[in-house]
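Two complexes, one shared chain (chain A), two partners (chain B, chain C).
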Partner chain A sequence: MTEPMGKLNAAMHLAVSDTFASMAFMDVVPADKATAPRPEENLFWASLLIHDPIQSEIRLYMPEELITGMAETIYSGLADELGEGAKKDLIAELVNTLVGRFLGEILPPNRSFQLGLPETGLMKGAELALFDQSWHFVADGRSTLILTATELNQLQRLGTDFVI
Partner chain B sequence: MAKSVLIVDDSSTMRKIVSRSLRQAGLDFGDIFEAGDGQQAIDFLADQKVDIILSDINMPNMNGLDFLRAKSEIPDIKDIPVVIISTEGGADIIGEATTLGAKGSIKKPFTADTVEEVLGPLL
Partner chain C sequence: MFIKRCLEIVGLGDAEFIEANNGKEALEALKAAPCFLLVSDLNMPVMDGETLLKWVKGNPRLNAVPVIIVTSAGNPAREVQLKALGARAVINKPISPPLLLQAVEPILDGEGAGHD
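Now for the complex of A and B:
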């Protein structure tokens, strides 16, 4: 039997890899948070609240260079013409999609969920502060992106076979 | 004859991704139009008809469910098929969209193959 944290980690890994592969044809794999390089440059961030069936906040942090590269793929080489707004829209859509995928993976079939609207911003890597639960990933073998979440232990009260 | 499609989503990123997937799906699409929310879609359809509509659910101003309700009241456009593209979880949201007239749904993240599977029979 897979340990609870193993199931949660597997669900998040799958959500992230599926989302980045489908949206930007980008290969994203889990990284060891102890050894993954901590991003120092400008970071785009997106925050999404889960309202139901648990109350949690999930944040996605991505280096500006990585977001710009993704935008080039999605907007077909017009990334230089895109401003900060378009890049924030991109990371907002990424966090919205991967959280939906994550919840679809861990919740019982046909269990609905409710999400808030993403908030976004730009910050320095040195200002990064992680929540209790975090995952590090490497995109295309070079850039670190980070996901962090609060209160995922609330999943215990759902009565699923998924218990943290 | 090439089909025309309207993509309704408040995210310009998602409109580009959907547009790309439509091109990659191998379906015979000509014109691909975009709207930022349900009200923009209703306004657009007053002057331009399309063969199929792809719509998000969670949008400001007029969300996807309200768009379906409004569309069903307009004789000229009520029969244009709508496919929902959304992260919205649970059969209840999709069920409500179906009750309001949606002909199918695609859950994010999706591939071009998924788009072809859902849209193909509707064209």
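Now for the complex of A and C:
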């Protein structure tokens, strides 16, 4: 593994574990993408553009069962409001939070960055297609969640051009 | 919805919440009915949180409403800038109930409106 990618991977691992632990008390750990089970059920996804200081798109995929369980944990007592929209809101909040956490971890302390607005959707697991770079994680020891990003060359700049 | 849930957990379960999809809708809601507290994301469509903050603090009828800004793109310099514009607190995501309580508690304890 090259050093810039090592820094990116470490920052992404921290961003994901911190975000899921803070928001849902959920234990999420990195998984080997070669052996992680490929999700076959329906997947909720949320996509976010990074506009500055690099340009990339990061997309988070979560199995429907995982996002539903997470929503039930967070919104306990609000079962009536847990439609598809609430789950999309939650995954949008997750991708927004963890991409911000990722950039905050890798960039110097006062370096500002600009994000787009999350887009969300629901798709079949069989339609999953990953971008240039991807990170796989296992949540609570069972479900696989995946982050994937475009513009690998731009991402690598995060690990070289903006180091403290 | 997530922030609303956190506010309920920290003790505001009996409060009436008005949710808005963007800063413009939030501004219209603030003008339509008195509000005790405004919690706003920074990154929103139509009107972002910083612009909303400027509108609120620039309006004599609204400028006493405490504003808490929530952001995924925060840093120390940005926090200073937003506080200079009148934000009572700036919270970096990930949000959790304890983090939100830290910002809301002084307002609930009576340091709310009029001290910005």
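Keep this in mind: the second predicted complex is superposed on the first by the 146 of 164 C-alpha atoms of A that agree within 3 Å, B and C clash if a C-alpha of one lies under 4 Å from a C-alpha of the other, contacts with A are read in each partner's own complex, and residues count from 1 in each chain.
By definition in this document, a contact is a pair of C-beta atoms (placed from the backbone, for glycine too) under 8 Å apart; a residue touches a chain by one contact, two chains touch by 3 or more.
Everything quoted here is computed from the prediction, not taken from an experiment.
S.K.: Following the overlay on chain A, give me a clash-or-fit verdict for chain B and chain C.
M.R.: clash
S.K.: After the superposition on A, what does A:G83 contact: first (chain B), second (chain C), both or neither?
M.R.: neither
S.K.: Identify the partner contact of A:E93: answer first if only chain B is touched, second if only chain C is, both if each is, neither if none is.
M.R.: Both: A:E93 reaches chain B and chain C.
S.K.: After the superposition on A, what does A:G141 contact: first (chain B), second (chain C), both or neither?
M.R.: The answer is neither, since A:G141 touches no partner chain.
S.K.: Mind sorting out which residues of chain A both chain B and chain C touch, each in its own complex?
M.R.: 18-19, 22-23, 74-75, 86, 89-90, 93, 96-101, 103-104, 110-115, 117
S.K.: Could you list, by residue number, the parts of chain C that touch chain A in their complex?
M.R.: It comes out as residues 1-2, 5, 43-45, 71-78, 92-96, 99.
S.K.: Show which residues of chain A lie in contact with chain B when the two form their complex.
M.R.: On the chain A side, the touching residues are 18-19, 21-23, 74-75, 86, 89-90, 92-93, 96-101, 103-104, 107, 110-115, 117.
S.K.: What residues on chain B touch chain A, complex-wise?
M.R.: Those in contact with chain A are residues 11-14, 16-17, 20, 58, 87-93, 107-111.
S.K.: Flag every residue of chain A that touches chain C in the complex, lowest number first.
M.R.: 18-19, 22-23, 74-75, 78, 81, 86, 89-90, 93, 96-101, 103-104, 109-115, 117
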